[in-house]
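Shared chain: chain A. Partners: chain B in the first complex, chain C in the second.
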Partner chain A sequence: MGAKRILITDDTAFMRMTLRKVLESNGYEVVGEAEDGLDAVEKYKELRPDIVTMDITMPKMDGITAIREIMKIDPQARIIVCSAMGQKPMVIEALNAGAKDFLVKPFQPQRVLEAIQKVGG
Partner chain B sequence: MTSPTPELAQLVGQFVDEAREYLQSLDRGLVQLESAPADAELLQELFRVVHSLKGMAGTMGYQAMVDLAHAMESVFDRLRSGAGEETASPELFDLLFEAAGALEAMVERVSQGEVPEGDGLGQPGGLVEALRAAAAAGASSEGQSGRAVPGGGREGSAGSPNGKARPPLWFLDAQEMTALRQAVASGARAYAVEVAIDPTSAFKGPRAYAVLKALETVGQIVGTWPSREALEQERFEDRFVVALVSDQPPQAVQTAALNVVEVRSADVTPVDVEDRAPSSGEAAPKAVPSRRDTSGRGVADATVRVETSRLDALVDLVGELVITSNQIQDRHQRRLMPDDGQIAKLGRVTSELQSAVMRLRMVPLRQVFTRFPRAVRDLARRSGKQVRLVIQGEETELDRHIVNEIGEPLLHLIRNAVDHGIEPPEERERVGKPRTGLVKLSARHEGSHVVIELEDDGRGIDVERIRRKAVERGRLSAEEAEHATAERLLQLIFEPGFSTAERVTEVSGRGVGMDAAKAAVEALGGRLAVHTRAGRGTLCIVRLPLTLAIIQALLVETDGQIFALPAEAIQSIERVDPSGIETVHGRRVLRYRDGIIPLVSLKVRLGFAVDEARTDSLAVVIATGRRQAAIAVDRVVGLQDLVIRTLSSYLKVPGVAGAAILGSGRIALILDPSWLA
Partner chain C sequence: MGNIGAGNATTALSQLLGDRLVRMTAPAVAILDIPEVGAWVGEPHLPVVAAYVQVTGGIEGHAVLLLAEASAQAILQEMLGAWGGDRPGLLASGAIPLGERTVSDLEASALMELGNVVITSYLNALGELTGLVAIPSVPSVAADMLEAVLNSILAEVGWSDAGVLAIRTHLQGEGAAVEGQLLFVPAEGHLSRLIQAMGMVGEARS
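Now for the complex of A and B:
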């Protein structure tokens, strides 16, 4: 199984870095980082990653809208939503929009890896 | 104990209604528990039921009920604390059933307005003592106190849904079951998927939701336990069960569930659809009122309790409206009234209103079926047999009156099936059948009728024995008996006092019952047929009309008075030729087809005239059961749908089944054909 190519989406550099560390130290390739939803949609078209992690609250375009846009481009897209504790209702909305699964911040590394493995198929 | 205060007295009706629901759950739960005495969830449910009953009875001041419920509670508590297997003897269940029966008797007494005074409820003294002893047996200090209700009624907090002993999809309601069966019938497989998610999961609700979404990619979700709402609102522990229909193999279903983050296990159990039906009847826990009350948008909000007297008043009023509408249309047809199109509309709306109101009178058969698991359990235990009761179609609806009346005859048939049909386990084994006999009760709609079937896989009815017995009793001559078909011989069991049971048992007595059952079914306008195969079993088919409120009847006139004869009894209308009338044993008879049948003059039979009228020119031939008669009348008016009005008790006349108001405003008495023939 080839290493999964992952696109990280989050508006804070700290979170992007945290995720990148966890993923790369476990043999995954982070092919790009997006800072908002719009950026994520553009990068998805360009990079065609295997998996996208998606923050919910972001400037320019929120995560849920971005999920819908990406699903339009690629109905097979595998997106994992990253939610903060207070965003429970948004998670269901994200799942309905097409997200395959979700993670809750603060991230526990094992959960992140579990999600990547399971969603990656 | 004191009489309830006036304020409390107002609550009596409500108390009785709710207590009955609890008692049904209790009965059903006990039957289930007997086969799964360690089922923690079921025990908790039963504990909660008696606890609720205790609380209600306490509020009403019925101390005897409180004592009894409390004693039962202690027993459940004892069983729950892990003594399940060893303590749960058949004797203990006899005791629990007896206590449930005593509670029921108390509630019935309350319902009859017997405001209990002193020990007016009767003393269950010995029972309470026996229950206490059972609760104390082997239990050191626990039990007696009756701990606070665990779980407090929060749906899903009932702990693990992992009730291994009960059917895997016990939680589905009738509608969901129907959907499941349909899917299975069209080739899908049914699965119970039990999912455990990580106890540390932060968002259990969305997690469950993600699992449901994942399962929806491989199949279709029929129902969940706890409910979907409960899951999404996180009202569950770490486990839940999904009823799924899918064309995928179990592994694919499991993979789909396991591929969701934080899912720790997913047990996929293929379900034989028959699995759920046995004795559980409906989804038992859903019938417990407390659960319904707490589930937010449950059944409670979708239904309204209405006093039956109000419903009957509504039916009567709509009946009046139908008649008035018919009168208006009648006048229009006779050109006494102009029509601008509104009259036809009135007729249409009225008949729609009428059928809507009739539907209000319909109740599901569940109301009577729910008694049977308990009855079968008791019968089987008393006769030392092993019997599994499968119930299907309990959601089938019928007129309330018919549902109320059909219980007894069905119980007769069930008794016969268990007592005479199903063989003892050893005998079954000898003939290569499973030790446990199967009794299947099913109901379904068929046009304007409901068909109820009761099937057993027992020894069948011994037709040869009927043949011998018919000769012994002089019912048939030796020659008649020899040539009689099996069908003809089977008819004999419907005759009073004719029984083939070799032993007179406590259960079915002397085989009275078949004739009584048939008479009761026919009194409801229904039919009862029996088919049997030696060694294979017996099938009883009960066919009932959907409603008794409207009948099609033939209107006849005699002496200027109009009478109605139910259409299903009518065979033909004959012109009476005086030369065709003969007298046999002093009674007038009419030659009809190949034989002779009694000729009954309606006016003589009803006492209007003493003389045999010579002017009778027409006869309506009626048949009920195996009897026929020709009813002599002056004139035949025609067929019409009638709304039956029952006569108040001081107007009850033998032979008169009710009255109807005709379009012309005249009143017709509806005659009972079985009284005429």
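Now for the complex of A and C:
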């Protein structure tokens, strides 16, 4: 089985680069980067990644809406939220929408790798 | 209330700075007329970098992270240090001046991320305490003199004549020149809502 293909979603280039660096240096393949929820939905259709990391607070389309849209396209989608928004109602909403895990920023790189392994990376 | 929120924000800032200690002062609360806000926050001509977030949901208001220019420089160095000389995407955006130069797109996005993480951590604590949800907007980042930055934010807010209630906390990093402030201005009527919600949480727990 080849390296897991991952789509990174975050509106800041800084965070996308940070996640890319952590993932690639641990043997994962980053197949794409999305800048907002809408971009993530489009890139999911196009790239069919194994795993998606998803920010919540983003322009154009927020992460929760994007999770719902992606789950409509592929009910088997594996999405991990990486967001500063750690309020319980928001976490529950994301998990109900179909997210498999929820990491609250700022997080240690190790936590991202653990979450990815847990969802089947 | 402001205390625990700022505590959370301080922890987040500390983690972004590679676990360096960040101290905070007890929050100060004041009701001010608009022209007074600048002087209450600090020296009007101090060059600062600010991240502004509009808050909606169960708690509405406006949150600002203000960093002295030198602090913003130090924090950027810490956040982007890992990239060394090989920083992809270093294109001068020209939009945000910082000292003698303008920040790169990557630096601007690091400042946005910093504002997002620190302010949202503050809101997470407020949400936890009150049982209300506080949803942050995407942050906007600006660099200018303190007075100018505040004025442009105040123009967004649109106060009534009754003045504005503001909660202020100083953040101070150990050793390095990290110095900033968190400002939260609840929307009209939302302070009493905050207090009421916390009272109800208190009763439910007793």
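Going forward, the second predicted complex is superposed on the first by the 115 of 121 C-alpha atoms of A that agree within 3 Å, B and C clash if a C-alpha of one lies under 4 Å from a C-alpha of the other, contacts with A are read in each partner's own complex, and residues count from 1 in each chain.
To be clear about the criterion, a residue touches a chain if its C-beta (ideal position, glycine included) is under 8 Å from a C-beta of that chain, and two chains touch if they have at least 3 such contacts.
If you're wondering where the values come from, they're calculated on a predicted model, not measured in any experiment.
Q: Once the two structures are overlaid on chain A, check if chain B and chain C clash or fit side by side.
A: Taken together on chain A, chain C would fit alongside chain B, as the superposition shows.
Q: Scan A:L38 for contacts with chain B and chain C and give back first, second, both or neither.
A: After superposition on chain A, A:L38 lies in contact with neither partner.
Q: Taking the superposition as given, does A:L47 touch the first partner, chain B, the second, chain C, both, or neither?
A: The answer is neither, since A:L47 touches no partner chain.
Q: Does the superposition put A:M58 against chain B (first), chain C (second), both, or neither?
A: Only chain C; A:M58 stays clear of chain B.
Q: Name the contact category of A:F14: first (chain B only), second (chain C only), both, or neither.
A: A:F14 sits against chain C, while chain B stays out of touch.
Q: Chain A residues in contact: does chain B have more, or chain C?
A: Answer, by number of touched residues of chain A: C.
Q: Rounded to a multiple of 10, tell me what angle the C-alpha centres of chain B and chain C make at the one for chain A, in degrees.
A: Approximately 90 degrees at the chain A centre.
Q: Under the stated touch criterion, which partner chain does A:K88 make contact with: chain B (first), chain C (second), both, or neither?
A: Both: A:K88 reaches chain B and chain C.
Q: Which holds for A:K118: it touches chain B only (first), chain C only (second), both, or neither?
A: It touches chain B, and chain C stays clear.
Q: Between chain B and chain C, what is the tightest CA to CA spacing in Å in the combined model?
A: 5
Q: Mind sorting out which residues of chain A both chain B and chain C touch, each in its own complex?
A: On chain A, the overlap between the chain B and chain C contacts is residues 83, 85, 88, 104.
Q: Touching residues of chain A toward chain C in the complex: what are they?
A: 11-15, 17, 21, 57-59, 83-90, 104-106
Q: What part of chain C is in contact with chain A in the complex they form?
A: For chain C paired with chain A, touching residues are 12, 15-16, 79-80, 82-83, 88-89, 105-106, 109-110, 112-113, 116-117, 120-121, 123-124, 127-128, 133-138.
Q: Please name which positions on chain B make contact with chain A in the complex.
A: Residues of chain B touching chain A: 202-203, 205-206, 209-210, 213, 232, 258-262.
Q: If we count contacts the way the header does, which residues on chain A are in touch with chain B in the complex?
A: Residue positions touching the partner: 83, 85, 88, 91-92, 95, 101-104, 111, 114-115, 118-119, 121.
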